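Take a look at these structures.
Two complexes come next, and they have one chain in common, chain A, joined by chain B in the first and chain C in the second.
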Partner chain A sequence: MATVTLKPIKVPDLRLEADNIKPDAFAGKKAAEIADLHVYCGNSQYPLGEFFEVAGEGGATAAETEVVIDGDVSRVKYIGMKMTAGSVLVKGNADMYVGAWMEGGTITVNGDTDAFAGMGMTGGEINVLGNAGNYLGAAYRGDWRGMQGGVIRVAGDAGSDIGTFMRGGEIIVNGNVDVHVGTHQEGGTIIVKGDAKSKVGGQMVEGEIYVFGDIEVMMPGFQHIGDVDVAVDGVSGRFACYKGDMGERHPRRKGETIYGKLYLKY
Partner chain B sequence: MAKLVTDVVCPFCGTLCDDLEVGVSDDGTKILEVYNACAIGAEKFLHSQAKDRVTRPRMKQEDGSWKEISYDEAVEYTATTLAAARKPLMYGWSSTNCEAQAIGTEIGEMVGAVMDNTATVCHGTTLIAVQDVGVPSCTLGEILNRADRIVFWGCNPAHAHPRHMSRYSIFPRGFFTGKGAKGRKMVVVDPRVTDTAKTADIHLQVEQGRDYELLTALRVAFKGEWLPDTVAGIPKKTIYEVADIMKSGRFGIIFFGMGVTQSLSKNHNIDQAICVTRDLNEYTKWNIMPMRGHYNVTGSGEVWGWLHGFPFALDLSRGFARYNPGDTTSNDLLVRDEVDAVFVIGSDPGAHFPNSSVKKIWDLPSICIDPHLTPTTAVCKLHVPVAFVGVETGGCAYRMDNVPIECRKVVDPPEGMLTDLEFLERVTARVRELKGA
Partner chain C sequence: MAEYLIKNGFVYDPVLGIKGDRTDVAVKDGKMVETSALSNPAEIDASGMTVMAGAVDIHAHVAGPKVCVGRNFRPEDKLFRATPQAGIKRMEGGFSVPTVLRTGYDYARMGFGFVMEAAMPPLYARHVHEEIRDTPIIDEGALPVFGNNWFVLEYLKNKEIENTASYIAWLMRMTRGYGVKVVNPGGTEAWGWGLNCPTVNDPVPYFDVTPAQIVRGLIEANEYLGLPHCMHVHSNSLGEPGNYTVTLDTLKQAEGIAPRNEFGREQVLHHTHLQFHSYGGESYASKSFESKSKEVAEYVNSQDNITFDLGVVTLDETTTMTADGPFEHHLTELNHLKWVNTDVELETAAGVVPYIYSPKTFIAGAQWAIGIELGLFSKDPMRTFITTDHPNAGPFIRYPRVYKWLMSKAAREDMLDNVLKYGDSVRDRCYIGEIDREITLFELAQMTRAGPAKALGLANMFGSLKPGMEGDVAVYPYNPETSEDPEDIERAFSNARYLIKGGEIVVKDGQVVSNGNKRTFWVDCKVNENPQVERDIAEKFKRYYSVNLANYEVYAHHYVPNPYVIEVDATQ
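Let's turn to the complex of A and B:
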């Protein structure tokens, strides 16, 4: 695995759009070539090297390339967007769209991420060791396909609207979440180990949501159908199981109506 | 003896009343009386006659005082500021005509601006919801002639759209609505007892921020499913009753406003309200319509829709249109320090944006084009007064139901004043020179 290290040397005055910071763009390139890749600040284009000191070189393919950002990039958007393989490590905070539409590989952010991380992702893994912002694993505006595959893990809290239009994959939040969890969810699993505020599973068609803590206000479209003993992400326990959202449409398969499932830990 | 100008269109709210009559002096220079308009609409016409009106551009000086400058100097400052910026915000657009909006967008394209309109703090969430789940809608004329079930959700037309209820929704007698208000059932959903709520047959006093739950409960009730004893402070018996009233109508309409678009859940409220409407179409005919505020905010969405595919929060900075509210919306851009110049036209962010955003406008090179003196003109570096659209110049505007209506010119603007369109045309020409576009 070849490593490319980017050391931030200048804080962008406006935010930087750096969709080129991903193993796919760095693979097969020397440090100087990587420093020559473009980034945008508003309507102006700059070489990546103006904002980062580049060391090392990319591997032969994206899968053999590791990108390490050695510092804070809380004003840099689109890190790891649409990446297909390899890995990205951010040693500080990152701005919006981390791993948006990513297909494979691993992104680790040691700090926080802003909104839209993992938006519409189909595969790969995102680890956020701090807190995640709003719209984690959600869909782009107007798209009915949110996160479709892969795993997002957040060690801290997450914001609102996580897993909107989610159709597959897994989101695991260790801390608390804000309003709107799994709105329009049609598949996949969301696990919240802390508390959720309200609007959990609104307009949910199918898929699963687990909440270990409390939900301040339950949605009226969920009906209690019994209790189950299950193991969730290494934690086993007794959960109250609800089906819903009863106001929403639901598919029928093999003569059975499929509902979304909401599990609340006792 | 005064002259009477008839069939005048009111450039105030999204109802865009087109039956005003304005009495002007014999020489056609002064507005004396405004007939048929509501108090706010009449005031807009009469205010254009104010003696203390600013009629020339003004530039803020180092010591905070204002210096009168020529339109040529104002064009130069505007064009050079926009052309030099790397990510200018061009905000507003809702109180001007479509012609100005279109030419303004041309400037935005040349300089790589972010274009945003007042929907960003208003019905932008509605537009997001429409993109997510579509919208079954109709025109106000259809409502006048057909509707027998009217829901006002989180809006107060008695004060915000004063002639809406008398012209279209509650009181008029139409082709299939000969009994007027008597033939209509009116439901108001609002946490407050507003003047609109006082006229309703049923007022659902929803808990603040629980509209999403109540809308969901209605969908559950349509299907006859189980509900908790109370949802959002409303007993389930009432919810089932209202669901039946909605299902039993011949033609229904949900009007909604800021109470749902800008409270907790925002776009999800509208998303769910549209789904309520869609569900109701299993039983009878239902529609949903936003109560748009500024008289031509709908038009700016239309113009950008046909030019670039997105109705607000339009980011042209990289030479192609991008859009993502939360990232490309004015307040997010301002608070996150993502723009380096601000251009405002036909809107008053100084009064309506959070203080943290307004402070950023104060810090940046900024231009405000507005016939009035507003909090925005006070924080901007350059104030360019222009003629009132719909009073001193005509142009196209879109009503809240997306019907385009041509505004009328009633009187001439004060001598030497430019219209929005004339000023923007001159800025466009200068920006084109600077950019070599």
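Let's turn to the complex of A and C:
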């Protein structure tokens, strides 16, 4: 595993768009070549080296490349976008679109991430040790293909609209979440270990949502169908199980109608 | 204005009967001229390249409210597809519902000079014209829709052809429209009752007139007026398995009607996107669904007063949009993707739904095959036009890919063997595997230039390089003597080396270098005074319309700043 370290040296005037910060773009390159990759600031293009000091070099492939961002990049967007392998470690906070459409590999952010982390991702792993913003693992505006695979773990809280149009994979939030959880969800699992506010599972077609704490206001389209004892992400307990959203269409498979499932821990 | 001599290219011109001869082509003061008429021309070396007149698209949805809805509700269609401003070009965006700028630039890069917007809701004609105005380079016209219009339904119920004609003339002037379009005749109005007209004999609720009467009546009214374009129909039950009988019933409405016009048009009915209307079987499953392209094409071959366009499925993720309101509802029930539905008071309706024609499904493969088959079964390329019903069966930028499939059996076999997941079922349920025909470049020029120009009544302006025609010339980097790879066809026709439009170079070395001088074509048809129709119009606006008559007309100075008006005198 070869490591490339990026040290932020200048705070951009506008938010930096840096989808080149990923193992796929760094693999096979020396520090100088990496510093030469482009980033956008507004409508202008700059070399990455304008904003970061680059040390080390990429491995032969993305899988053999580790990217370490040694500092705060809360004004840098698209870190790890569409990455397929390897790893990214952000030692501070990161801006929007961390790991958007990522296919594989691992991203760890020691601080917070802004909105749209893991948007449309199909594989890989995102670990946020701080809090995550809105639209975590959601779909791009207008798109019906939200998170489709992989795992997102958030140690703190997450914002609103997480897992919108989610179709697969897993989102685990240790803390609380804001409104709109799993809207239009058509697969995958969302686990909220704290509390949720309202509009949980609105227009949910299938998939699973677990809430360990309270839901302030339940959606009217969910029906209580019984209680179950299950182990969820290492925690066993008794959950009230609801099916829904009853106002939404539901597919039939093997003679059975498939519903979204909402589990609320006792 | 400038003079250009395009030297030494392989020229294809159906009107002049030139089949790939190496010859020179001359443009002066915006028009094609004899080479001897040039005094000091700029020379363009076209050696080793293919030269044709600018192409003509007879049916695409490129401007207006439903296109705009498609752009608005599909931001994902623009994702990663924006091209920044460069040179004289402004920013481009979008794929299946491109921005007006990309629309103009893409058509120019493909060597097109004229595009017909295929469905203009009269009430929203202003919106259509605003977008047409803002689309650079290409000349355009728009067809107002008539097939579900209350005036038309009432007049045709009583077989009042003259009143229908008077109303058409009035509406074309109000909307700055070009011709008579019909979408799901009667069925879209029935949709207002939650119903449809699946066959040509199902009466429209309340109005009690059948699609057959609407189609035949509008053909007769069109010929009564002598419009440049013939009646242009999208028949009932689009996309339904087994619909080919409805299609044949619709086409038969043209039997016995002869063209009457001064524009050299020889047909009275154009059937659009025939692919969607040539299905057999009872469901979309491979054990039932089958191609009826041969049956439909044989009928078209047997009649000389019909033209059609293909509507080839390009196997892309696209955006469907049509005035066929019930069909869009049917689609959203099938694919569960987002849906927009609207009613246009007294006139029409529309729906919009994204759609993925996945090569992994049998049905998309079969639809692809049927569109191509129609092009290959048709005996008369002058009556057979290449479209994708943009964006319904696929984006117009895929035309060159359709050319490749029509021109190369090897390319079709590659699709069946390597791209389609159910290629064998498609061979089994469709005719595509049995057809050896390969469209020639000359036939391609008929299907994309001379043919559509003639069907639109524009044969005196477009479709040929004959002296006196508009100075629209496309030069493609395709060498018919040495090119063997079918991919060369797609590559070359996707990006013309040069396009001269109206005598000006707009594409040079493959790059758009000018925003051109686009015009909006419309037809001003003079008819005798008709007090009944005038009274009916005043009455309907007073009683039903939510706008005043004075706010209805498309005022030319704002909406159509650069018009080309075709005058028709139907007073005799």
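Just so it is clear, the second predicted complex is superposed on the first by the 266 of 266 C-alpha atoms of A that agree within 3 Å, B and C clash if a C-alpha of one lies under 4 Å from a C-alpha of the other, contacts with A are read in each partner's own complex, and residues count from 1 in each chain.
Everything below uses one rule, namely that a residue touches a chain if its C-beta (ideal position, glycine included) is under 8 Å from a C-beta of that chain, and two chains touch if they have at least 3 such contacts.
For clarity, every value in this text was computed on a predicted model and none was experimentally measured.
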{"item": "Combined model on chain A where chain B meets chain C, clash or fit", "value": "clash"}
{"item": "Which of chain B and chain C A:Pro220 touches, first, second, both or neither", "value": "first"}
{"item": "Touched partner set for A:Thr257, first chain B, second chain C, both or neither", "value": "neither"}
{"item": "Partner chain(s) touched by A:Ala115 [first = chain B, second = chain C, both, neither]", "value": "first"}
{"item": "Greater residue coverage of chain A in the superposed arrangement, chain B or chain C", "value": "B"}
{"item": "Chain B versus chain C as contact partner of A:Gly142, first or second or both or neither", "value": "both"}
{"item": "Partner chain in contact with A:Tyr40 - chain B first, chain C second, else both or neither", "value": "first"}
{"item": "Which superposed partner A:Asp245 touches (first chain B, second chain C, both, neither)", "value": "first"}
{"item": "Listed stretches 41-49, 131-139 or 149-157 of chain B, narrowed to the one that overlaps chain C", "value": "131-139"}
{"item": "Footprint overlap on chain A, comparing chain B with chain C", "value": "43, 140-142, 144"}
{"item": "Touching residues (chain side chain C, partner chain A) in the complex", "value": "73-77, 79, 84, 336-338"}
{"item": "In the complex with chain B, residue positions of chain A that touch it", "value": "13-15, 17, 40-44, 77, 96-97, 115-116, 134-135, 140-142, 144, 165, 179-180, 183-184, 198-199, 202-203, 217-221, 223, 245-248"}
{"item": "Complex contact set, residues of chain A against chain C", "value": "43, 140-144, 249"}
{"item": "Residue numbers on chain B that touch chain A, as the complex places them", "value": "85-87, 111-112, 128, 131-132, 210, 212-213, 216-220, 222-223, 225-228, 231, 264-265, 268, 271-272, 275, 279, 317-319, 323-327, 336-340"}
